């Protein structure tokens, strides 16, 4: 078969490891493998590269994506999608793997509904994709946040401050929650909940009463701005409050071993599905096992927010 | 209740996070919590400390164990164990959580069989404990190895060498396998299998034939010494082979977010079990969920080796 | 003698290593050493702690300052400084070392001019102190920035973007310049120069012409906001431009070996000066040697901007 | 002019940054720049590559050397060196920069004495080159060691052990000394001194007397083996002693900002010298300034051991 792979939307650490896994596993099975540059846009405006074992050498340990990526809003237009299908036919590609988050998987699903064999690989630092317990990049992003907060703690502790840290997550608080549990944050503010500042204030005051000198509050960007939260908490507690926006450092750097390993397992499963002729699925981690789920269920499914982790984090920070 | 916690055997990253979780969750439930220093030996030769919320401040992000640990071989003697039970009675401790690996959990099981309420928390960088998919410290150790190998790669690549890296794992190859998959190792040599040097040689020669300049072989310490493996491979391939023994850097440093989070979840479950009067269990990660398993099943169970990861690692490195 | 040490102003990595050095060296010479908490404010509102060898155990490798710090604006009032001198007399302290940046050294100089023996140790991540080639914390801060930009590069490269990174430096561009030279930034915008956007635009366009896909511009916070710079460059070049504000992650984390070593050498020299009765000096690194310079020269001196590094950085990024 | 650059001997972090600096600065001045692969051996057995600005893109932040390196013992033969000079003439190369340590600089000097314009750039993680206060790679290597020891400290502290760490340095103790001062090592054993175990024993016992639970001893590989030292100290103190050999992780990984910056400054100076027709020199850092020194003085000079750092390190660890 002629397989192809593309990466779409925001880049996520582990994408390169997945590309390597897909290419090497595909070649080992006797397929020809192509890389399509710059996401869905590349189906219209670019040409596929033939990928060899050497094309993916020394990328396992790098962030970003060697295939480049883009957000291609025009892809929701029927005419554009038809051009994409024409390209795939012209290039004699039999099946495609799409690495990306919710938007990209929706795009993959539409192509799939046109009858073209597509498999999705969940990659999003937000871990906000329905139908899988894990999406590539999340572990690296959480560790990046944790390592930034471990640094900020030195200053917070030296100045006896409240520190409000804004992390990624427009619609999902999972990154904020995991980072908060891993860092011992006193409060975690997420888009899925309205912020209860009175309760946060009370909790912070309790920790000061028992002698704590500094505290961390994590806010997902979809739930507010670090600066505003800091001002609110400074006013309520009478303490100095500083803030930081972690930004793009969250999604870069060498992927963790967890992301590299899952990338290999996901890519391996993706080749399995495409060679078995099972288009229209996303590979998934479910109850600790690598499995697959129809793309249509992903699109219409409901992502799980880790509320019990949030409760535990806030309990343990007292 | 009067709860106590001790750490035993080799230290594992995440132990401190678990101690923090156990103490804070215990206090939140209204229990009194004690820390017993230096493992089972502390039951004989030390005194418990009362733990407050502040006793476990700022330890979440540190490796090692603030309670100190030891390997206490005398604990298999009945008379010593009776002294330990006497201590616990004298200190009016109602239940104990034991953090450690297989040896420590066997010790915990024997105490438990005497009727004392004990709960085990799996902590071992080897991930070689039956009845749980995960033991604390494994993720940090794999990431430590990966980050060391990412460094060695610079030199290996500059000199066009074979590099043999010896990692921990006396009876289990899981650390070697996970690191090998995460680093793109050409071969992984583990205690659970006899080493097939002819096959490794063949694989290395294949990769040179396609232009690869350097290669990595990971060996678990229970399967041989890096130096011997390097000499064997140098002779067989005619290439220069260097070696490194990673040693104790593998088990130190700040725990990854994965280990910090699982530590909190395990500790939370351990307090659940002890307050429900369910002694004789180990907390466990099973099919993605936090659950528990009788200690006796842990002791007599069979740990799973990740053979399919090994096969995938070696396939993808071609 | 009764020596004391305090840390003042913004915390800088290496402060703890310097405290350790000062305390241990002081004790080795037979002095009694006190730590004054929270900077100059502690002279009014706190009490000194007696420092032992154990007080400074395990702090060498930590950021921040165990003595805490503050910005104490009231210290410019004569009446407040007299209260401070009264405290020092009451506590029977013979001489004080002050760790901090320009503001703190100005405070130290005023105390010194009242006749109290004071020695300054330059500590500022900005490396903007006259009379010394180096101030503690700079090397760690530059490495922190470099490591953040190495992460952002993955994303910048995957999306083919301009990336504008805002670093600390209100009046000094040294941090921006060093980070820019170490990261290969295409342009470095600093408060000591007016920004020449036409020249930056031209340079960026040249690099695209030769095939470069992404570019970095570093801006010191005193020279503008990353967001504004990004908008300006996006408009001029027609490329997408993203931005990041690195914030407090720059000044935290374990100090580099360079900062730990210089901290020891500076502290050692500070004890030398105080025991020789040479108050009113700052220890300094000058032409590769540890020496000292009158505090009054520091206050009225002119800090050097590394313009030749900036020119070299911009030349090499073409 | 036709300039060329080669890297020789052990790889050192910062070599790639220096290659980038040399190539880009050379091109900016209108020269043609060639890269010679695999060190002096490449003068006999390889062909030079033309280097463009793009050839050195994205290497600034990587360890190792893109030009590859080798130890080429045959180069001391006159006939081999004549072949090398013939190659340079045939390739129409006017001048060469050699990046490496003492052996490579001796090779460079012999070529230079034949009348060929050569400039040396000191690169050696051992910082053991006469005539310069700094050689590329030292700062990264020290930081790598420090970061490994910071990890081992967790385990050492949890088990209350002596830890003996073997670092690189066959004839020079500078790496051991700098790492020891930066890590708070209780003793530093170097090839330039006979080991005084009685004094080390006494110092360790003193620290235990004041309550210290664990201690670090650093040994440079030229002064003994970690294992032997550990056994000696265990016997003398009656404490458990563990050991680790850090190996090749010391010389890998992304170079620190210090090494990247000095690499740029050294490369810049090297192009200056060659374009001024000043062959037979090594660029050098001397009293804080970039300068140059005749290669012949480097070869016959005496490297400085940082004995005063060693004394200070041992004093501060008490």
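Per-chain numbering from 1; labels A, B, C and D assigned in written order.
To be clear about the criterion, contacts are C-beta pairs under 8 Å (C-beta built on N, C-alpha and C of every residue); 3 or more make two chains touch, one makes a residue touch a chain.
These numbers come from a predicted model, not from an experiment.
Listing every chain that touches subunit A and subunit D alike gives B, C.
The minimal number of chain-to-chain contact steps leading from subunit B to subunit C is 2. Distances between chain centres, each the mean of the C-alpha atoms, put D farthest from subunit A.
Each chain gets one centre point, the mean of its Cα atoms, and the points for subunit A and subunit B are 28 Å apart. If you average the Cα atoms of subunit B and of subunit D, the two centres end up 35 Å apart.
Of all residues in subunit A, those that touch two or more other chains are 150, 153, 157.
Chains touching one another, given as pairs, are A-B, A-C, B-D, C-D.
On the side of subunit A, the complex with subunit C involves touching residues 7, 11, 13, 62-65, 68-70, 144, 148, 150-160, 163, 242, 244-249, 251-253. Within the complex, the subunit B residues that touch subunit A are 20-21, 24-25, 28, 53-54, 57-58, 60-61, 133, 139, 142-143, 145-147, 150, 153, 157, 178-179, 181-184, 210-212, 254, 256-258, 260-261, 264-265, 268, 285-289, 309, 312-313, 315-318.
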